[in-house]
């Protein structure tokens, strides 16, 4: 599943796009049990913006994949940066409670937030 | 529908005006389906302030227009800046969930926030 | 995956057991897209109680199954009733928003609630 | 736009289906201004269930129609009852604030609730 | 200010209309201080429904009137019943905190609730 | 401090008066430590209503009194019933957390609630 | 640890006492892992009331005990009924999430609730 | 109605005083309809502090005055600064929804916040 | 009642201690009526930490004392600073609504927050 | 119980890991009574990350240990820093209400937050 993009329609101005995905699920590589997360993606677009439907399908490719929290977060950041070359991007994943603990992983590309 | 303004009654002081519009709707140009959003406009007025009723009517002109999230946000910012020449303005749109994802677009004109 | 049970440790008294499952997911048979739900199960045990870990694994069998909301709800009710012969049971599923609509399905076995 | 239905897959048992529509909009016939509402539909299906996508499209037909709160509510109830012959149905509409007042209209068909 | 009504458009069916007024204010006859309340009106219409704009204007007539909580509630109920002859009506007023106490007054006309 | 009353201005109709007191405090007779509570009083007035200011002052008489939760609740109910002869009255006290436990005491006079 | 009681100070009237314990913990007999719960106890006292401090200490005896949800709930009900012979009692335990599922167990002694 | 003040009892230290007024009402000069707002005043006192009761009475003078949002906010700031010469002051007004839009106006005197 | 302290067990590191007191009460020196507040104390300990039980008893000494909001806040700050010589301390008091207004007073000692 | 770690899978980028533990309990060394807390750990990993299951087991070792709030917080920070050499770490503990007061302790290692 490849991420699709479209040309930033307002490249002359820095602005922030945020997508919040409430329905992310993957599989714990250790236990084989499903994990659930809310993924928040914020970025200042460069030349291209991420197309929403392909983002949804891209995130669904994790559904039956065994992968750790840290890897999910950094991998999504990596793939999105590769796809759309943003000026700045932050990916945050907030995971369901496991053993009385819930975790949040936050990774940034570039320097600026709004 | 043209945006109307009135003279800033307190031009000697920088202050912030915020309007939150809970009832924005437009149409997705791809699917033809209606979109719904909450629009928040914040600005420091320059010589003129945006008149509230004309703002409401201006925003209603999007009701049956096919337009993308990013364009709505930047277009509103553009039109309001053109109408009232603020010292600073921020427009934020928060969109209803589509396919388990909701989006927020934020665009600024000028440099300052309070 | 079979549902396991254990003997009701307090059969001389009617009491209510409730399990709330926040992490249910299945697949829409029409679109092939994943669905997400919160499942609430309440029952008055008869001779047997549902074992929690087997309940979790049983619900995970829906993960990649194409099935409608109404069928999920009635099927879970059917399987649990078959497994533990409760005096009364209610299954409620609350589904994620699709096209601006979210749905809740509620099915009962037997007559009494507390 | 006609409402579509499908055969009740579990007719041997009374159960409750609820659809909550957060994105309803129509037009006030007096002022020409848009109205916004949340519509909640609950019913016990008889021989047929309402198909979700056609429900969404049916509700969108009100988008540019001038119609009062009471009429919206009773008309939706009427059309749904005609389409699927439920054993019981309740339609509730909750409207956005107008002049500091918000309204809720509730209409039932038949006698039973769960 | 007289309350206006319109013919119940669906007299063949009992249904419930609710109006919630967040911006009610009157004056305490003892202290001369303003009082603030939220007024909730629910009724099953008989031959006539209360027109919303005239309801708003009617409630504004209390703005500078010295009147007690109990009287406000019963008077609104009395006037609305006289205006529209409902099958059932309930008026509830919830008042702002005074001296660490807030009060709620509830009065009914007729017997039925939904 | 005596409780004062005034004549029920609407004795021809049963209606419900509720007073919620967020600022009640007394002293634990065992430990000498202060206790804090929210007191909710609901009643259907008979010939007389409780005057709000005297209610406030009456409740302040508990400020430095050593008295148990159950006694506070039943004593307030007793004193209010003696003062105003209601058709029905309920007093509920919700106490601050002590040792990880908070308590709620509810006592009724007469039979009816709304 | 024995539960202590004191004489019901208001035996002539049925009233309801509720204690909510936010800090209950025991141990899962299967996994050896700690469990956490909120316990809510409601009762209409008969001749005796449960003394709060001894209730706290009684509940602490479960801290390192291996015991199932259903047994905790029914055992607390049993011990409290034995200690104070209430007219009616309900014990409800709400447990922390385990494997994405949280559970609530509710057991009653006698027939009446308020 | 004149604003009264008292000597700052702790002039040797910068500290912040905040008053939140939930019950502000004025009149729209255009429509003649009442407006409602929550006013928040924060300041670092200079030589004098605003007396609370006179603040309440001062704000009540707007009750039947026709005045715009921006003017209310800047006028309150102006009058309070004139009365008590604070080191810093911020006045924020948050207005009830009108036509689906609510507004917030924020004006500052001086440079510092805490 | 004197404030007690204990030696800072981790003096080699700056860290922040916060105590939130929900049950503060004093008396208004003007009206003689009780006031209620939530007091929040935050500090970076120097050589000593405030002992919690003595803090509770110290705050109870205000129970029947006539004292203004600003004085309570600055006096607590003064006494705590004198008792434990913190590197930084902030005291905030949030008072119950009086006449539709609630107040928050915030005073700092030293320069740093975390 | 020793804390286990794994190699930071993305050492080339600074990112933030947060674990929130809702089920922490220890014992008050003064009174012998159980304490309950929510522990929040945030860090930027250096060469190693803390393994979640060993973190859970490590935190359970406090269950029957007599230890003060400040010591718990600083000790956890110390042990985690020793185990995984983070670039930055913050540990915050929020404790259950005792005597109407709840406390929050926050300690940092290193300089940076995100």
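In this document, chain identifiers A, B, C, D, E, F, G, H, I and J correspond to the written order of the chains, with residue numbering beginning at 1 in each.
The criterion applied here is as follows: contacts are C-beta pairs under 8 Å (C-beta built on N, C-alpha and C of every residue); 3 or more make two chains touch, one makes a residue touch a chain.
These numbers were taken from a predicted model, which means no experiment stands behind them.
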Task = Would you kindly count the fewest steps from chain C to chain I, each step being a jump to a chain that touches the current one?
result = 3
Key: Interchain contact steps from chain E to chain J (minimum; 1 if touching)   = 2
Note = Contact-pair count is greater, between A-C and A-B, for A-B
Query = To lay chain H over its twin chain J by CA atoms, how big a turn is needed, in degrees to the nearest 5?
reply = 145
Query = Which whole number of Å gives the spacing of the CA centres of chain C and chain D?
reply = 27
Inquiry  = Averaging over Cα atoms per chain, report the distance between chain B and chain F in Å.
reply    = 51
Key: Separation of chain C from chain J, taking each centre as the mean of its C-alpha atoms, in whole Å   = 36
Key: Shared interface positions of chain H, touching two or more other chains   = 22-23, 33, 36, 96-97, 99-100
Query = For each chain, which other chains does it touch, given as pairs?
reply = A-B, A-C, A-G, A-J, B-C, B-D, B-H, C-D, C-G, D-E, D-H, E-F, E-H, E-I, F-G, F-I, F-J, G-J, H-I, I-J
Query = Across the complex, what residues on chain D touch chain C?
reply = 8-10, 13-23, 49, 52-53, 55-56, 114
Query = What residues on chain H touch chain B, complex-wise?
reply = 68, 70-71, 73-74, 97-109
Message = Under the definition above, what is the set of chain A residues touching chain G in their complex?
response = 33, 36, 96-97, 99-100
Ask   = If you look only at chain I, which of its residues touch chain F in the complex?
value = 22-23, 25, 33-34, 36, 60, 63-64, 96
